[in-house]
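Read through the structures below before going on.
First chain A sits with chain B, and in the next complex the same chain sits with chain C.
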Partner chain A sequence: MSTPARRRLMRDFKRLQQDPPAGVSAAPTENNIMIWNAVIFGPHDTPFEDGTFKLTLEFTEEYPNKPPTVKFVSKMFHPNVYADGGICLDILQNRWSPTYDVAAILTSIQSLLDEPNPNSPANSLAAQLYQENRREYEKRVAAIVEQSWLNFQDEDDGEEMKKDT
Partner chain B sequence: MDMKTLRFQNHKLYQRLEQRKRLEEDLRSRIEQLEKRQTQSDDVLTVINRYWNQFNEDIRLMLQRFDAETADESETRNESEATTSFLTQLSTWDREELDEKLVNRVQVSKRAVAKIVQAFDRLHQRNEKVARALKGEGMEGEAPPSLEEGVRELNGELQQENKNLQAQNLSFHERHHLMCLKVAELEEKLQAMDTEKAEMQNRIEDMEYDLNKTRSRCEKVETHLAETCQKLKAMQDDGGGGVGNKGTGNGVPGKITPAITSKKTLPSSYRSSLICPPQMEELASEVEELRELSAKRLDELEKKTNEHKEALKEVERLKMDLRQLPESVIVETTEYKCLQSQFSVLYNESMQLKTQLEETRAQLQNSKNAHLRQIEQMESEELTSQKKLRTEVIQLEDMQAQVRKEYEMLRIEFEQNLAANEQTGPINREMRHLITSLQNHITQLKGEIHRYKRKYKESASETSKLKREVEELHQKLAVRQRSASVSERQDSVSSDRGDGLKEQVVKEEGSESCDSSGPPTSSNQQSSVPAGAGGPAGEDKSAEGGIDVKKEEGDEETKDNEEGGDKKDDKIKKEVKKEGKEGKESKQGGAAASAKDTRENEIIRNLKSEHKKAVNDYRELKLLLDMYKGVGKEQRDKVQLMAAEKKARQEVEELKAQVKKLQESKREERKKLADEEAIRKIKQLEETVHQLQRQVAAQKQEEETLLNEMEVTGQAFEDMQEQNIRLIQQLREKDDANFKLMSERIKSNQIHQLANEERNVLQEQTNTLTTQVEAQNQVVRKLEEKERLLQNTLATVEKELSLRQQALEMHKRKAIESAQSAADLKLHLEKYHAQMKEAQQVVAEKTMALEQEAFKYRRVQEEIASLRRKVERAKKFEMADRADEVLMEEIREYKDTLTCPSCKVKRKDAVLVKCFHVFCFDCLRTRYETRQRKCPKCNAAFGANDYHRLYLT
Partner chain C sequence: MSNDVEIQEGEAENNTSDSQKPEKMFTLKKWNAVAMWSWDVECDTCAICRVQVMDACLRCQGENKQDDCVVIWGECNHSFHNCCMSLWVKQNNRCPLCQQEWSVQRVGK
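Then we have the complex of A and B:
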């Protein structure tokens, strides 16, 4: 069971717990260490502020030599995020380095939220609005942020109900 | 993690709730304001309604007063209803309904007003009528003479009124104009105001958005402030309560609500009083600094705005200058000159191109004309050639038809000739049969001739034998001559007689010689008589034999062998018998032989002469034979036969003569000799003569028969020959006819061939003509293609011309633009000068700012120094309390530095020689094996020999 990838993931998780980075949290699923759930809080002073965005990270046995596949579970409105939640980020594709760990990935995604690259758009509408009509873009992002709360509230309610029962 | 997120969300939701509360309060206040406004507006509305109703009622009253007829009962009713329940209706109606009702009301009131106006008009008319009536009454009442005056007065008044009205009208017109102008101005203003309003609305929206943003930020800042205040409080509490209260850091959220309330209620100064004094001082100083900075920034901003305004003004001024820029300035610039030169060059080029184009057009037209002419020529030539061809073809066809006819004629002739030939065929065959039969006949005759020749040869051989015998006889004569001299040798000679035929012959001759010599010699009569008796007989016989032989020779050629052969044999037998008798006689008369030598010599001479004669005959015969051989065989045969006949006749005559002689000699001898023996002998001889005569007669008969046959055969032969000649002539004629026919046929064939050749030649000519036509067609096509090409080139040239013209225009435009750009550049230069000045100013300001910054930097450095001191203090505190934790932290850092940055699990034990980054060996090997041969840190490529073990211990 203790393949290099798994050992590395264990070490990443330990590191995350010991030294948690700001605005980011992640944990592996209970039964599979190769699949993680993560939450990114919208960075301050950005349209994404106060948003709580859920993600999943799927690692392979080739980790850390190959990047994990990272996807947004919550609905997202961002020039570099596809409709299915896939992220167009260079360090998750060809600029990947094994020195990156989970914290680095999540912080870089967090920083991507406010600094999109409209030159390689995954969501053309978002890219267009970002470049031409910033106010509308911010409105749409605010709507997404509120939706992220609602989703979380629903989930939380569900969890609370479970706890109560 | 979920807990964290929940906490975070909780926090956020709390903030949102507060915001919402605030918003609610705002909205409530607004609602109140709006309610107040509504009440006010309701009041106003009721007032308006009241007035309106009053107005309506007034109008109704007026109408009733003026004219009861015009008033409408229904309207009054409506109005009364409307007045009673206006407000209630207002409250119940919707907005649209309200609008409709209001419109209705307005219409109603309008109608009422219109009616009032009508009524007023009517009143006015009535007034006028009344006035006229009054005046009329007045005029009537005064005096008639005053009527004219009155009219005049009235007229003058009316004229004055008219003037006044005109003046008023003019004034109204002026006013109307003025008003129109004002209205237009006002409309323009209104539009401007509308646009401004729209802009303002946009701005308001922007401002509202910004305001919202700033409000949210403000709130956030406030919340942060509250949090910080709480933290500060906690810290203060901690400071007051000592280190023991550190654990209560997590309990802070419980105190949030009082903190917020305090923030809301208390002013910032009051809050600052809560903070510890040193921090308060620091904050105050910072605030002061910030204020100073902000003041300075404000000043700078104002300056900048002023500069901006100035710059704008300058720009406008420069624009104006540019508009009024004189042309001379533009003309002087080098760019303008360059452009002018370029323009002139281009213009020249365009002119050249134009001329070229015109030339090419002229050429093209010329070529087109030439082409058309060529085409026409070609067509005319083609037509003529086609006509010629047709005529030639027709002629050739006629020729062909004629030739065919001729050919058919010739064929018919040929067939007729063939039929004629077929008819002549059987005649030919008959002729051939005849010829073949004649040839067969001739061959048969030839065979006979051969046989006769053979026989002749045999006879020749016999003659040669006879000659030999003659020689022998000569020899014997010589011997006898000797014996005559000796006379004793008779016995030996007589003994020799019995030997053979030759000796007998010699005895015959001897007897003959005796016969011939007998008569003259009386002494040797007795001995010589028998001999002589035998002699003439022998002579006769021998002569006969010679004649026979000659006859036979002649007959041999005309008649059968057998006859001749039989006769010969008979004669030979007879000779043998006679010789035998003569031999007996010679035996008897042998004694007197010696006396007879002289006579024998004479006999020999006679014999010799005879022999010579025979030889001559023989030679003649031979010559004849040769002659005959040379001449045609039939003629030869004929001639030979004729000759033989003649000879035979001659011989027959000779023989007759001899026979007469012999008979005479016989009578003489009989007279002379009376001996019995002689008589017997004579009798015998007579018998023999008879026999011979019989034989002669038989031979004569035979001769005659032969002659007859010969004649018959000759006639038949002549007939045959004639027939032959005729047939040959016929054949020749037929051959000639055949030849003619053949020649005709050949000629016809040749004509046919010639016609065919002519036909072929004509066909070739037609082919060549067709090929020529095709070639000409091709030429025409080529010319058409050329024409197309030329047209295309013309089009292209025209396009080029248009392009050139466009380019020319473009260049013109460019020239103008460049002139403008020159002006712009001038302006730019001036601008740059101004900017230079500005920049110098800015530099001066920047130097000022730098000095200020340096001052600030010094201050900040001082602050840093103070903070460092503080930090050292704090560290000392921490060191004193939990050195272990600090050490642990350090240890962790060192461990991190020692672990592989790639897997972050193993120790560093390998180095990349390319970039000297250190990793664990396994990571580097896996990267090498999975072909990701780049440094995880710096992406530098590495090879198999670029990573090595590293031993840190």
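Then we have the complex of A and C:
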């Protein structure tokens, strides 16, 4: 069952444990190394501070030659994050390099939080407020930071409910 | 007036040196040489599969083709497993580390 992609992901996980990057955390799901859960902590001194944002990463057998699909599970309000949690980030698309690993992906997303690129908006309201009404933007971000804590508790219940049905 | 400066020949020859040889303080009876070594490559880990370039890549390790797994160097001096790189250049002909146009400098071990 072991393929080059899976073995590379084991190496990513090992590196993540041995040399954990600040403010991010990730692990493969219990029964599928191709699907990971991750948490990004909102960087200090930014509107996202104290947020605990959950994400999923889905890899294919073409990893690391192809990037994973990365999505926010927690509600996000950011110029480069779509309503479904999808992320518009060059290194996850045309600027992907097979030298990136899970740690590099997550730290890049973490730094995207406070350095949005308003030129390729995925959420036009967030992009507009970011440029024209920073106070309102920060208010909206503060709301999703608070939601990220609630989400964290709900998540386990939600998974149990899925199993029941 | 002529300012002839006479250069004095070195007259003070040291005659004291050979006069007496001091007794040897110690003699060397045995010595052990210790050498350090490392692979003579720019980067010793293949950044694509994260295995040492001098070992077989993850793919070849799985398929038991360790002997066929060679290293490829680009003009940018970055090195990878040939197997890892050949899959990558199919979709993007750039060095994954420096993003320069990839051109092969040499292939081998």
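We adopt the following convention: the second predicted complex is superposed on the first by the 152 of 165 C-alpha atoms of A that agree within 3 Å, B and C clash if a C-alpha of one lies under 4 Å from a C-alpha of the other, contacts with A are read in each partner's own complex, and residues count from 1 in each chain.
The rule is simple: a residue touches a chain if its C-beta (ideal position, glycine included) is under 8 Å from a C-beta of that chain, and two chains touch if they have at least 3 such contacts.
For clarity, every value in this text was computed on a predicted model and none was experimentally measured.
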Contacts of A:R135 with chain B and chain C, given as first, second, both or neither: first
Partner chain(s) touched by A:N65 [first = chain B, second = chain C, both, neither]: both
Partner chain in contact with A:D50 - chain B first, chain C second, else both or neither: first
Touched partner set for A:S97, first chain B, second chain C, both or neither: both
Contacts of A:A26 with chain B and chain C, given as first, second, both or neither: first
First (chain B), second (chain C), both or neither touched by A:R11: both
Broader residue contact with chain A after superposition on the shared chain, chain B or chain C: B
Touching partner for A:T3 - first (chain B), second (chain C), both, neither: second
Residues of chain A that lie at the interface with chain B and also at the interface with chain C: 4, 7-8, 11-12, 15, 64-65, 97-99, 101
For the chain C and chain A complex, residues of the former touching the latter: 47-50, 57-59, 61-62, 84, 87-88, 91, 96-97, 99
Residue ranges of chain A touching chain B (in the complex, touch as defined): 4, 7-8, 11-12, 15, 25-27, 37, 39, 41, 50, 52, 62, 64-65, 97-99, 101, 135, 149, 152-153, 156, 159
Interface residues, chain B side, partner chain A - complex: 1-2, 4-6, 8-9, 12-13, 209, 901-905, 922-923, 926-927, 930, 932, 936-937, 939
Of all residues in chain A, those that touch chain C in their complex: 2-4, 7-8, 11-12, 15, 64-65, 97-99, 101
